[in-house]
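Both complexes below contain subunit A, partnered by subunit B and then by subunit C.
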Partner chain A sequence: MPDNNRRDFLKGAGAVAAATTLPLSVVELAFADPAQNFTFAYISDSHIQHVKGTQFVRNWDRGLIRAVAETNLLTPKPDFVMFGGDLAQLGTKEELDHGAEMLAKLNYKTYMVMGEHDYYLDLGEYWSKLYGPHYYSFDHKGVHFVVLNSILTFDDWTYNRWPTAKQRMLEMAGLDNPNGSPFMVGDKQRQWLAKDLEKVDKATPLVVFSHSPIQKIYKGWNFWTDDAEQVQALLKPFAKATVIYGHVHQIQYNQIDNITFNSVMATAWPWPYPQSYAQAEQHLPKLTVPMNRANPFFERDATGWQFIDVATGKVAMKYNLYNNTNRVVAFDPATGKPLDSAFQDLAKQIPPQVHY
Partner chain B sequence: MTRKIAAAALATLVAGVLWSGLVVRADEFTKKDLERWDKEYMSVVQKGRELWTSPDLGTNGVACAQCHPNAANTHPETYPKFQTQLGRVAALREMINWCIQQPLEGQPLALDDPKLIAMETYVAWERRGVAMAPGKH
Partner chain C sequence: MNRTRIAVLLAAGFVLFVAGVTAGEAPLGLPPVPIPEDNPQTPEKIALGKKLFEDKRFSSTKTVACQNCHDPAKAFTDSPLSVSEGIKKLTGTRNAPTVVNAAYFDKQFWDGRSPSLEDQALHPPLNPVEMGLKTHEPILKIVRSDAEYKKAFQQVFSKSGKAITMKEVTQAIAAFERTQIAGNSPFDRYYFKGETAALNDAQKRGFDLYVNKGRCVSCHVIEQTQAIFTDNRFHNVGVGINDIQKDVPTLATEFLKAQATLAQVDVQVLGDKRTSELGRFAVTRTLDDLGSFKTPTLRNVAATAPYMHDGSLKTLRDVIVHYNNGGVTKEGDPVNDFLSGGIRPLNLTEQEIDDLVAFMEALTSPEYAALVKPAAGKGN
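And now, the complex of A and B:
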């Protein structure tokens, strides 16, 4: 596997790449036969927000516009693009249309993940008109990909709790809102997943995309999936299983049994790590060396992009962070977990990685 | 007018001294007082939380809580501190104003505006229990 550094990968991106963050992810899957290697890009959490009329929040627009432009400049060209959910902020037709218009400029086949901000106004109805089913799977060059809708919740909360759809959306949109409700994949979808995976050889590399982490980190901000253990149980038979998720707007990584977990960056804004909320009981994976604390004076700081190699079916995330030192978080076969190549050793961590 | 107010104030003061000498001692307060002060304080915390989550504080619908859920990553215990980006020591409320102007695309509040005080109160409440660390980065 050649070490694709940013310079190689982005030749041709030129001034655009140099100007600011690269808020997208590139995934490269490497196999014994290099002819089978391929890449895909990953853009997530754009939170396109309608102000009024034809006006949208400029800051969030810029994040997505840049990600799309840079993805189109990638060399080598990715086979497809994933969008990791939360295209919209409040799920309106205006926001989804405006986001779709920007995503339509991508020169590649694009696969979509559902986020809670896309869903809770009309329960994904308009999103479906644009993008189709809420969960599905596909195969690409020997890898089985699964896209889950992991942001569902209790039926009572969804159908009975709120007088209007708009209020339901607003209640779920507030990350720290105590009136929110925990995310889950749910029985119906887990049954579908079990059936979908039945026919897949257990030696096939499996990559699952979800919006929320399929693990439990901090319930108060829904860095959480309520039935995470039940979903994990379905992935455990696979020798090479990886979950890539959005929602958290920050670098996280973890290893649970044979399943490797990696998060992707947002194009819109970064979120604090849960340990910076003094009242929170949280479980950020001990493995995770945090991204640098964001400097708000740099509008696109603490967003970024990453190469993700799945050499021999395991994941190496190469985070390219415009305003910070680049990061590599690679699966280490010796310890059986993902490790940061530079910062994993506590003595090598730097002051901006301290979140308090 | 001013003289009238001064006279009234003096009268109140005199009356107050006489009265308090009879009924209230300045160094004593009751459980009821404590409850009242806490209630007053928490009502301002609540007001601050409402402003923190409000789409109407700026002009573009963005709320403080969008980037700072539970006011996290605001570090009120470290202020006032040197802000490299401003090139001087700044108070927390100045940074709140900075955010109102930039990401929220709004107008800054007066530094003694009750709204700004309420937001500062809310931020501090979410940070309760954390040791003071002025100047820390």
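And now, the complex of A and C:
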């Protein structure tokens, strides 16, 4: 069985190599049961931001518009599209409506994940009117998909701390903010999850979508879910479990026990980004940790979206990156962890730059 | 002072000396011309290239030479045509880019589908709307039998008869093209030689806008010691593709399925206006390249109207207005979905637009100054 997997992976790797010379053309992965294979696209973190009247931040609009238009061109067509949360910047009706209008141009069924920027103004009420429940599950071609609302926090912080809903939203949107609060899935939702997973055969491939990472990376920016270990424990019985999250606006991947973690790119702005002379009015959030990245002129630099091959129940993330080389991060059955198809090789890694 | 003067004189002498031998050294404001190792410049090769460049027999009707669309009398373009005219008055889809300073481009053609000047020269003879030949054979037949060519190819390449191939033909043409280098504009004298009087006030204000508020320099690059006015990259600036936005899904999908060769792409993009607007995507099939075209140099731009890859903008002012609108020619028109991230509204005033035009008029080399009509502008 491991041999089979390995052979399958190698075949897949060959097809991926072909895809890099002909990006987004036909990518056919040869697996034991081709009927099980499918792709879906993933767009995330658009942060549509209302300025005033009918005016929205143009840069964020253009990022989402472009990702939607490109996703519609995918050949072959993906089975569905995920949107990974933070459609809006401050959760207003104007922002959510404007974002929904752009997403409505997708030619595919679209599933939504809740982000903290969508949630903390009215606690997801208007979002629900547009998109329904905050957490849910569905099955597709033999894979069980779960969508979590991972950006909840302590009730006291949510309900008792702030004089206005707007201030609550702004506090949660801040980075390195002592007034912020860690994200969590919470007891109620974990109970629901346990129950939802109870009825699923443990050999069924499981893919969990969340906005924040269901792992602990950096608390100050909520690259963090406080009850990550407890959620992971519920995923542990599954032979093939994958968590795909947004929020971090950059490519991350990790393996914890049997669970593979992959992040998705944002269409709005990259994290982290350098402080630089921008030549035009910026609406980037205040940067608390300066880092060396992204081209200040080409606004789409270091943003992107992704389409995802689901094969043998594990995923291959194909990142469509503007002004950059597209990247593939695929689960490697041989090593049992996700690997970047180009940069895993030390010789191919780009050394950090000490100056620019 | 004396020392500076001597240094300048020495430098000038050196340039003349080199120019006399290879014509490969660069004028003020330009870096040395990149010369491929396997195609060194020689005066004889350059002369042969010029003769080939001007030869109309290399088209099916014996009426079209390279020079028809790259006319030295028009700064090596076919200004004022918007798109080029080949055999039997057939028209293509793209505005003839100047040969002048083309040697500095990493890739040739508006969509960069050709990696070198040598390769580029292979394609127009075979394009049905340009020179219309079915194969290169008619060209080879002429150069292998014509007495003058026989002598020249023998002298330059030590080859005759069947040993002469398109490789030698295109090497000679490219060698000639690499001599068409022009710098030394008022801007060059202002910026690289410190002649403050070389630009008038409007041009100086325009230069400031070019670097700062207008953000032109982000793509049309100027460096500390030289300026080729291109980043050698490809951008969707909202020209052409704006007109076919509804067709993009069909056109792009067809292209992804068709897997055309580059030779087929050459025929398709010049033969069909809508396909042409896919830009570099037709070459790379990468979504990031949809509707994107190469950043052209701005040197001598005042002599090469009309503008953009499709010649759709008549004046330099029209171009600035297009950029000022954030990538649409008519304010309020819909922006295309694939617009490059650097293109956004600039909020320039009418005066600032005029100043930027004035700056671009300061990029004309002495060789082409006579082609530029004195600006009916507001001057200083």
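Definition applied: the second predicted complex is superposed on the first by the 294 of 356 C-alpha atoms of A that agree within 3 Å, B and C clash if a C-alpha of one lies under 4 Å from a C-alpha of the other, contacts with A are read in each partner's own complex, and residues count from 1 in each chain.
The criterion applied here is as follows: contacts are C-beta pairs under 8 Å (C-beta built on N, C-alpha and C of every residue); 3 or more make two chains touch, one makes a residue touch a chain.
From a predicted model like this one, the values you see are computed outputs, not experimental measurements.
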### Task
Name the contact category of A:Asn59: first (subunit B only), second (subunit C only), both, or neither.
both
### Message
Once chain A of both complexes is superposed, is A:Ala334 in touch with subunit B (first), subunit C (second), both, or neither?
### Response
neither
### Query
Regarding the shared-chain residue A:Thr75, is it in contact with subunit B (first), subunit C (second), both, or neither?
second
### Task
Could you say whether A:Phe297 touches subunit B, subunit C, both of them, or neither, answering first, second, both or neither?
both
### Task
Answer with first, second, both or neither: which of subunit B and subunit C does A:Asn323 touch in the superposed model?
second
### Message
Under the stated touch criterion, which partner chain does A:Trp269 make contact with: subunit B (first), subunit C (second), both, or neither?
### Response
first
### Query
If you lay the two complexes on top of each other, which residues of subunit A touch subunit B in one and subunit C in the other?
58-59, 279-280, 297
#### Entry: Complex contact set, residues of subunit A against subunit B
49-51, 55, 57-59, 174-177, 220-221, 269-272, 274, 276-280, 293-297, 351, 355-356
## Note on the structure
Interface with subunit A, subunit C side, in the complex: residues 212-213, 215, 218, 248-249, 252-253, 256-257, 259, 284-288, 290, 326, 335, 337-342, 344-345
### Query
What does subunit B use to touch subunit A in their complex?
53, 59-62, 65-70, 72-73, 75, 85, 98-99, 102-103, 105, 126-130, 137
#### Entry: Contact footprint of subunit C on subunit A as seen in their complex
22-26, 58-59, 62, 65-66, 68-70, 72-73, 75, 279-280, 297-301, 320-323, 326
